[in-house]
Structure formats: C-alpha cells, structure tokens
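In what follows, structures are represented as structure tokens.
Shared between the two complexes below is chain A, which has chain B as its partner in the first and chain C in the second.
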Partner chain A sequence: MREYRLFNSILVITAFVLVGAVFSVAEADTEVNCLICHKHRGLSRIDEQGKFRLYYINNEMFESGPHRRNKCHDCHSDKDRFPHDPTVKVDCTQQCHIVEPSGQAKFSHKPIADTLSKSVHGKFDADGNPKKYQEDYPGCKDCHDQPLYRPVSVYKGETKDGVSKRSIGRCRSCHRTGYFAEDFYDHVTSRLRRGRFPMETINVCAKCHQNQEFLKRHELDDAVTTYKETFHGKLIALGSERTADCLDCHVVEGENTHLIESKLVPTSATNKANIGNTCRNSDCHVNASAELSSFQVHVTYERDKYPMQFYMLIFFKALMAIILYFFLALIFFELLRRLFPKFSFIKEKKTSDDTDFEPLSDDADK
Partner chain B sequence: MSKYDPIVMKDGKRYFYRFSAHQRIQHVVLFSSVLVLAVTGFPLRHVEEAWARPLYDFMGGPEIAPMIHRIAGSVLLVLFVYHTIYWIVGFIRNDLGKLKQENRLTVGSGIKAFFTQEMVPNMKDFRDIIHLWKYLLYFTNRPPRHERMSWREKFDYFAPYWGIPILGPAGAILWWRDEVSHVLPGWILNAAYIMHTDEALLAILFLFFVHWYNVHYAPEKFPAAKVWLTGYLTEDEMIHEHYAHYVQVMIEAGLEDEIKPQHFGGEHYEW
Partner chain C sequence: MVKLLKKLVFKLYVICLMLFTVWYGHFMYPLIFGFEGKEEAGESLKEIIRTGSEEETMFSRLIAEQTETSQTDLGYRVIDESYIEGRFHHIGFTLQHDNTNVCIRCHGSVPHDGSKETRSFLNQHAFYLACETCHSRPRAGAETWTFNWYDKVTGKITGNPRALVEIEEMFTHEHETEQYPTYGNYGVKIAPTQNDSGIRKLLHGEKEMALAERYIAEQELLEPDQKTAMKEVLHRKVSKDHPQCRECHNQEDRYLPFEKLGYPPTRLRELVNVPVVNMIQKYQKFHFPTLLESDEIEK
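Presenting the complex of A and B:
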C-alpha cells in the first residue's frame, strides 16, 4: 500500500509538472480547461478506502459519448477553483445547460430517477420507508458506467459504427450551425439499435445479482447463473443477439427500461397475470400460448423449490455414474487381466463337453 | 437367408461374416448424425469452456449450428424408425415366415422366436457378465464364450435404443416449443432440457469411453476395428469375442479340425 501511495504521489507531481509543458496545446470545450490535468493517463491515487481511482479522461471517448455537449462543470458543479477539492459525487438528476427541444425546459435525468425509484430497484418501499441495505440499491452509474451508445451509420445498405458523412449531408442542408445535425443524428440512430449487446446487459445485472454476499443479504436466488443455464443465456454467451436477455423479460414491452418491478407487483412483466404476454411479445414467442410462461428460467435445483428438476438431475447423474463406473471398471480390469494371462486362483480343468477348450496358458506354453 | 458367405478366405486368412452392407450403411448414418449432433450441441451445453465458442463458430454459430443440429437430429430419428421397421420386417419375413412355412406358427412359438433373436438379451448374457468378472478378477482361467452377439454388443446396441427415445422427443419439444405450448405446459421444457442435455452427456461419454474402447482403444483393435467397413471379422477377433459362434460356424463349414483354441486378447498380445 505504501509503495502505491509513493508511486501515486510521484504520478500526481509528474502530472502537475507536465501541466506547464502542455498548457498551450490543451483542448476540450471546457471553460476552465479541466483536461490540462485530466488528459494525463497516470492521473490517479489510492483513496481513503484503499481503492484505486483513475482520474484520466479520454477526450476522444468523451467526445464520442452522449454527454459530449455538456461542459465538465454541468455535472461536476462543485468545482469552483483550481486545483479543486476532493470531488463530490455527481447528481445525475440536476438540471444541465442543455435545453430539451420538445418542451424547451432545461434537461435533467430526474424523470428517469423517479421511474427507477418506483421500480424494484428503488431505495424506498411503497410507504416511503428506506429499504434494508440501502447502499446495495443501484444509482445511475451502477449500470451506466461505460460508453454504451453505438450510433449507427447506414449508407448504401451498409451499416457501420459512427456517423456517415454522406448521410449527415442531408441533415446539414437545413441544420447548418454547430453540432446540431451530428448530435441529433447520434441521438436518434443510437435508439434505432440495441444500446448494449445482450452480454453487456447481463454483466451489468450480474454485478449484484451474481454477487454471493449481496444475494445472501437480500435472500435472493442467483438470477444470473441460473439464467446462463438456459438456452437464452447459452446462445448469448456464444455470440447470439437474438435471444432474450434480462431486460427482455423483466421490462414490460414498450415501458421504460428503468421500471423493473418485483413479480409480486401486478404491473410487473414477470407477474403471473402478465408473464404469458411477456414471452409472447412481438419479437419473441409470437405463436406460443400463454402456457409457455410456466417454463422456469431461474432454476436453482434446490429440492424444496424445484423438486422435479432436483429428482430428474439425481436420476440422470446416478444413471450416468452407474453405467460409466461399471464399464470403466470393466475396462480397467480387462487391461489388468492382460498383464498376467496365465495366472488364475482357480485353474479349470477340461470337461467332457469342452473338447475344443484350451486355455491361453496351455497354448502359450508350447 | 443371407447372400454373404459365412467364411471368406483372403491371402490365406479366414474372415467371418458379421454385418451386411445395409447394416453398415445404417451404422455410418448413425455415427455421422451423432457426431454432428455432438459438435453442434456440446458447445451449448458447455458454453463456459474455451473450446465452446470456436467450435460453435466453426459449425456456423448461433444462426446456423442449431439448424444443422436439427437436421442431424431429424436424420437420427428417421434412422431410428427405419431401423425398427427393418428389424420387424426381417423378423416377420425370416423367423415367423419360416415357422409359418413349417406350419408351426402359434403365439407361443412366435414369442419364443422373438426371445431367441440374436440381439434380444437373455440369461446367457447375465451369466456371461458374472463369468467375465470372475475371469477378470483371476478366479478362472477361462474367458466367457459369446454367441454371435455378446452382452457388450447388445448394450452398445440398446444404448441408442434407450437414448434416442429420450433425446429425440425432448429435442423436438425444445425445437417446437411455441407449438408445443398449446398442448403442454411450459415447465415441460424444463424437463425436456434436463432429459436432452444430461442424456446427451451420458450417450457421448458412453460412446467416447466404452464403445470407442471396444472398437478403437483396446490393444488388439487399435487404432480401429475394420468390421464397420468390411463387414467381416478376422479369425482372431472371432476367437476373442465370439468363441461359441466361431466354433459353430467352423463346424457348419466342415472345418472341425481347424478350430483354434480360445484365447483372450489378440494372439500377438500374449506376454
């Protein structure tokens, strides 16, 4: 740990030394030019909890992300001097300087946060009381922690990542000023295809729902491991994007993704009343009956909860063990028998109906 | 009954008839479809393994491999039905037909004919198993003498006959899940899933370890037995695996004087 701290301070010092050298070439659209320091890859420290914190901002990545028109200060509004104090956690629900065009109001993620708080992931229960282990409930950044938006560019039937200059030419003929055309092209096209690969979605959920300590605290089954046992999970693990991931079943078709509800809530996608339609939604098992939904996805093979699966598994494992051990033992002893073909505890003599019989030992003696 | 000679001489060696071309072709169809099913199915069963993704991609990935798997499965099911009909037709024509010609066909004699079919397990198989264990544990110096079909071969034979009726319908239910849901509840898919994947593992492990030991790994067979191609066994194999049958065939061919003594394993593996 001490070496880390030392290494760390050296890095920070180096960073500040470099500040002078690069002052003139600093870029980025920030009124206080945060990238003067944050562009350096080594900018990091070990915090009070012993956690490694990286403060490097990859400008290229930032510039292609959904927040690129925000200035640093829009989110990190506590920064009022340079060098600044230890940072306060960003509040995604605060208003930023971007105007939402349909209502002309300042933009904020507050409606999303409100939806989230109504879902099974909200920090408070229906009566407004804080839930147990509040710190386990997710905020924005627990799921949205990486550049996930994948703008699509279609030109002459070819789909590529990023913005097609030729396509955007059509937007630019009217929307001439600034980055407006690019931004709205990104904004719209990123919603035309999946924001994430299914495997990324599963990994986001797995952060908590496959964490054994978390599962124990909340008395939950391992939803992710059990899901990965299904053909849905297996095909996705092998690169398919056409089977259901967590969100496809746990979000009502057409609903806000942030409104995942417990299956006990009547409006939930996985509630008994709705699950039939969830499986039969327009993209999946269209021709199935509602009965299909009695398929159990999160099977833990516990005897009390899943007796059929438990006993079937026992049956097949026992069958496999009996047959294979019997034959493997047979093969083993057969190979062993070849080592001493002449030997036997009991030598059998020729009998009258046995005229053709001559044991190997006699034969080999010749 | 058969257009094949029971004993064929080639380069001064005797070869003993075992499988007709018709049966050999059925075997080729059987193992080809099973191997295709294995390479398109097991990457899914073991997605976490390093080989799963490359093998699955090689077999066409999530879009194509399931299609190949279903085609191979359909071929296997058709073969299963075909073979069953083939067996029944053969039984009626050869055995019951013969009885009828001799005016001895009754319910009793028909049932008796069924139980004396070479593939139907009988008490001798049970005695042979005990006998073999006695031999393997050095309690006798005399290995069992098998008829035309030994109990191990019957086990090999009935393994698919047990496996396919479990794997096939379970696979079909998983394939036609949407349609099946109108007739059966969705949890039947949970049952079908366990039946399909666990029975497949048993089948493949049995195939790779036990059947392939019998025809590939055993010292006198290595690297591979040829009977599946030629349809004929060598005299060594015949003596080793089917001594009772060997003696009978030799006597029928009038070669009593040239019957060789029984031995265990290939002659050139004697120590």
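Presenting the complex of A and C:
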C-alpha cells in the first residue's frame, strides 16, 4: 500500500511539475500548490445553509501575517483529494511543522486554548462542569480572523507605522538566509503594539456583547454600547489608538489577553480590589487616585437593575428637554411676533387718541 | 420700493430663523431621548427570525443579512474588504456585484450548484463572464458575435481593462515589487455583443432587462400557463449547448478571443494551459501527493 502511494505520488508530482511550470515561485510554496485553484477570486458557491462560501485565498494577505510560514496542509490536514471531502473544522491546537524557538518544540496554539478555558470565556466552570449555553462560548475563529502584521519602525526617536528598511538592512548583514530577518522584524515589532486597531477589537467583542439575545441569555449588561458612551469610547470612535479599549481594562497588565476573568474573581483586572491598579497601569493613568476607578463604566439604566441610575437619567433628560424646548419655543414666538407685529387675539375698540402699535422691525430701530 | 424690498427680505429672514428653530428642535430630539426607534426595529426583525420553522428562519436570516464590509488598519495600510461571516482568511478586496446582467436579476451571482467537481469553478467564471457568454450560442447562419467587456455598474460596453496590463507589468518586475498578481476583479465582465444599426450592443441589453423587470413586477397577476410562456420568451436566447472547458482553454481556435480581449502574454499562457481543466477532465477523484508530508505532525 505504501509503495502504491509512493508510486502514485511520484506520478502526480511529475504531472504537476509539467503542467504547473508556468506558475510563479511564490505560488509554488504550498506543497500541492493549492493556489492553482484557490488563487481565483470568484471560486465560490452557496452552501446547504444558504451561506456564501468564497474559497479564494489572497496570497498577498496570507504572506502578510505570522501564518505565512505555514503550509496550507498544516491547518487543513483533511484536504487530501479533489473534489474535497466535506470540510473538517480547523483545529488550532494541533501542532504544525514550525519549531517554536524558545522551547524547540513543535508549535501549537494549545497553551492559548488552555488559558482561554480558564477565563470567563471558557466552556467549563471552575469545577469542570459545562456551562449553560455551550454554543455561546467562543472558539478561536469567533474572535480571530487571519492575523496580519502591524510592524513599526523607530528611527532617531521617532516611531512610524511600517517596516524600516534601515533596520532590515542591519539585520540582513548577519541573517542572510531566506526571509528570516523580515519575518523576525515583522513579528517582533508587531508585538510592540496591539495586534488590532482598538475599534476592531471593540467590534470583535460587540459580536456577542452587543447582541441583545446573547445578553438576555447570560444576564449581562450591554457592555459595548455603554462603553461607546464613555470618553474612551468616543476617543476611539474619533480614531485614537492611544485610548483604552476592552482588553486594556479587562486584562491584568502583563497577562495573556485570553485570560479575561469575571469581576467576581479576586485576580480579575476589574475586581473591586484591582480596578484601581488597572487604571494606574504603566501605559495609562499612572498617578491616578482611587476615585478615578470608582465610577461605573457600563451603565445601562435598566429600571429594575439600576433604579437610581434610571431615575437620574429620566431627570436629566427631562431637565435638558424642558430647558431646550422652553427656549426654542420662546425664540419661535419672538420670531412670530416679528413676522406679525400687529397681530392680537384681543380686538380693542379704536378711539381717536389711539395710535398704531409701533412694530419691532428694522424700520422701528431707525 | 426699496422699503418694501427691505421689509420682504426681513420677513424671509425671520421665516428662515423660525424654520431653523423647528429643525433644531427636531434634530435635538434623538440626541436627548436616544434612538429607541431603531433598536425596536432591529428587535422586531429578530422576533421574526426567532419564531419561524428552520426553513423560514434561514430565509428570514438571509433576507436580513446585508452586504457588509470590514476594515483592517495595519497602520501603514488600511484594508477594505467584503465581510463574509465565518471566514478566516482575508480576501483583501470588495466584491463588486453585477447589477446590470439580466440573468442575475433572477438567478443571482453565484448560480452554479450542480456537480461538486465544477460548481465552484463555474461560479468563479461568473465573476468575470456574463451568463450569456457560455449559456447562449450564435444561431447557424446568424451574424457572429464579438466579445467585449462591459461595466458591472453601468452595464455599458467598455475597453479592455487596464488592470490586465498592470498585472503583466507586475510579472515583469515581480522580484522588485514583491507583489502577487491577482486576476479577476476588474469591475468589468466579458459578454457577447452584436451590431445593431452600426452600434455595438450587448446581446442581453436594456430591452431584455426591461422584459425581465416587467415579468417580475407582474408575475403575481399572471396565470400559471402565462408564466410558463413568458419564461420561455425570456429564455429564448439560452442554448443548452454551452461550451466545454477545452473550447476556451486550449492552444488554438478558442471560443473566447483572449488576445482581442486584452489578455497579455503571461496571462494568456496560463489561460491556455490550465492544470485544473486537465484534472477535472482526466480524473474522477484526484488524490494529492503525501510523499513529502511529515508523519510526525501530531494532533
């Protein structure tokens, strides 16, 4: 059987070498050249659930992220024939061919999955029992699309977006083989800042934390809408990258971002005992007093849950409306009087001494 | 006279101020009282989705779903692309739908769902070929068709896409630019055209679209046999004898004149030597080689 497979493989490889000779070097990176088919932009179908499935792979995008050192088969290990069998979900915890340099072990995302399982997003509680609504708890793809590098360059004290050709040049003077220098540079400098622009992070969290049905099921407040009403939320909406987003407050400084814990857990970044330190972390309000963290960030104004906040909101809305519409009405009627200066509901009898009412018009000013 | 004119201008000015006051009150209302109306509309749609059978739910979900785009900010570059739910890989471009093709009006832009071996490849072709390019054939003795590109947005015949030449230039300077040639998203499609009183017109043009629109608008009022008859009329240019892969993807005598359509030499070489065509035509099932695969990869 093994010999038959070997013979078959040689035949197929020969066929591919002959017919695929025109393809570029970049496309030959994949072991069976998946891009022969998957480079076509419109390669697609509507699946049985009515979902649009696009099978196109943008190689340029693929080469712009840390997965570029992987081969297709590292993740899509079930794809061994054409037409493909029904797809098996990619298991991000499986080992790939890349050796992790610090421990010299084959790379896997399993440690991340283990961290996630200990967090509030894990599918099991502290006693190992499955939580309610299992399908609501996120897997890798619920939060992550294909990661892309966000490199930065530093030159003479100035930090800029993108790759520094000077730095790459310095690296390549020693590390000349392949794309080692570029890979290393992209990877390390992308880690010097967040992997995503803050608004993208918020949109990821919003998939669940702004979904009203999800919030009802888990008895949660609408954390995203309420966040967007804060100063932080508004600054990020205006394009700031230096303002706190969800992860800055919900992850303990220096911890893995996958370890988000409930505020009831003593080690959580948002636990009452720790929230002050979270605000005072080295990148934010370093000298802030404890009062800074005493305000309620995610206020939803539900009457049953937060009656005080609800009635306060009603009061301020009413106050604002009364003041605004009172003065608007005043201005409106004042203008109306200027339009019809002699108008009156009360008709008075004219006497010979009566003079006409002097109108408040520009003529009158003269 | 001047006094009267001044008075008139003043009155107009006051009226404008009054209108502004009313508008300002209206503008401020949602800012004070929130946007509850919109949230309620969203909720009612969810209610419809929640209450139906599986098919009804699926149908409602599909109607509710809108074409979304997403943005990825890399700092040095912002990627705008179509958002496709559940997709991991970035596609790096925005899908541009053809809203001008008459067939797509009913059959949609991803119409092929037959054979598992070919359906995705055929849908891929629908990305840059109008349906009638393959599903219609010139009648015997009739004037031969010319193939031209047309704009997906305006439906007008255009020249050959400049992007094809730019991709060729990218090949030439491949090692300098380190860019990857990606084909197919030119915003235009190939369609057969005919000479109509000295003007080149699409085989399925405005007239055919008007007929289809009229049928869609009036179909509820039609008797079943009338519907069949009208469908027959609408499909009278459709031929069952559609071209096979080899009729275009061969070295000579091609159904589609790739050179005239502006395909440059490198792309032309690819189009006439398509390994996928060989694969589809020669093998019922094609096993990928596992010779070089490491046995050490563990789950």
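Everything below uses one rule, namely that the second predicted complex is superposed on the first by the 269 of 366 C-alpha atoms of A that agree within 3 Å, B and C clash if a C-alpha of one lies under 4 Å from a C-alpha of the other, contacts with A are read in each partner's own complex, and residues count from 1 in each chain.
The criterion applied here is as follows: a residue touches a chain if its C-beta (ideal position, glycine included) is under 8 Å from a C-beta of that chain, and two chains touch if they have at least 3 such contacts.
It should be emphasised that the depicted structure is a prediction, and the values quoted were computed from it without experimental measurement.
Within the superposed three-chain model, A:R69 lies out of touch with both chain B and chain C [touch as defined at top]. Applying the stated contact rule after C-alpha superposition, one finds that A:M312 touches chain B and leaves chain C untouched. Within the superposed three-chain model, A:I57 lies in touch with chain C and out of touch with chain B [touch as defined at top]. More residues of chain A are in touch with C than with the other of chain B and chain C.
Touch criterion not met for A:R172: it reaches neither chain B nor chain C.
With both structures placed on the common chain, the touch criterion links A:L339 to chain B and to chain C.
Applying the stated contact rule after C-alpha superposition, one finds that A:S77 touches chain C and leaves chain B untouched. Of the two partner chains placed around the shared chain by superposition, chain B and chain C are both touched by A:I331.
Contacts of A:C37 after superposition on the shared chain: chain C is touched, whereas chain B is not. Once the two complexes are overlaid on the shared chain, A:F295 sits against chain B while remaining clear of chain C. Touched by chain B in one complex and by chain C in the other are residues 317, 320, 324, 328, 331, 335-336, 338-339, 361-363 of chain A.
Against chain A, the residues of chain C that register as touching in their complex are 3, 6-7, 10-11, 14-15, 17-18, 21-22, 24-25, 28, 32-33, 42-43, 46, 50, 58-59, 61-62, 71-77, 79, 84-93, 95, 108, 110, 112-113, 116-117, 119-121, 123-128, 171, 174, 179-185, 269-270, 273, 275-276, 278-279, 283, 285-294, 296-299.
Residues of chain A that touch chain B in their complex: 228, 230-231, 233-235, 237-240, 242, 279, 285-289, 291-296, 299, 308-309, 312-313, 316-317, 319-320, 323-324, 327-328, 330-331, 333-348, 356-364. On chain B, the positions that touch chain A within their shared complex are 43-45, 47-48, 52-53, 56-57, 61-63, 132-133, 135-142, 174, 177-179, 181-182, 184-187, 189-191, 193-195, 198-199, 201-202, 205-206, 209-210, 213, 218-219, 247, 259, 261-265, 269-271. Chain A meets chain C in the complex at residues 5-6, 8-10, 12-13, 15-16, 19-20, 22, 24, 26, 31-32, 36-37, 39-46, 49-52, 54-64, 73-74, 77, 79-83, 90-91, 94-97, 106, 141, 144-146, 148-152, 161-163, 196-197, 199-200, 212-213, 317, 320-321, 324-325, 328, 331-332, 335-336, 338-339, 361-363.
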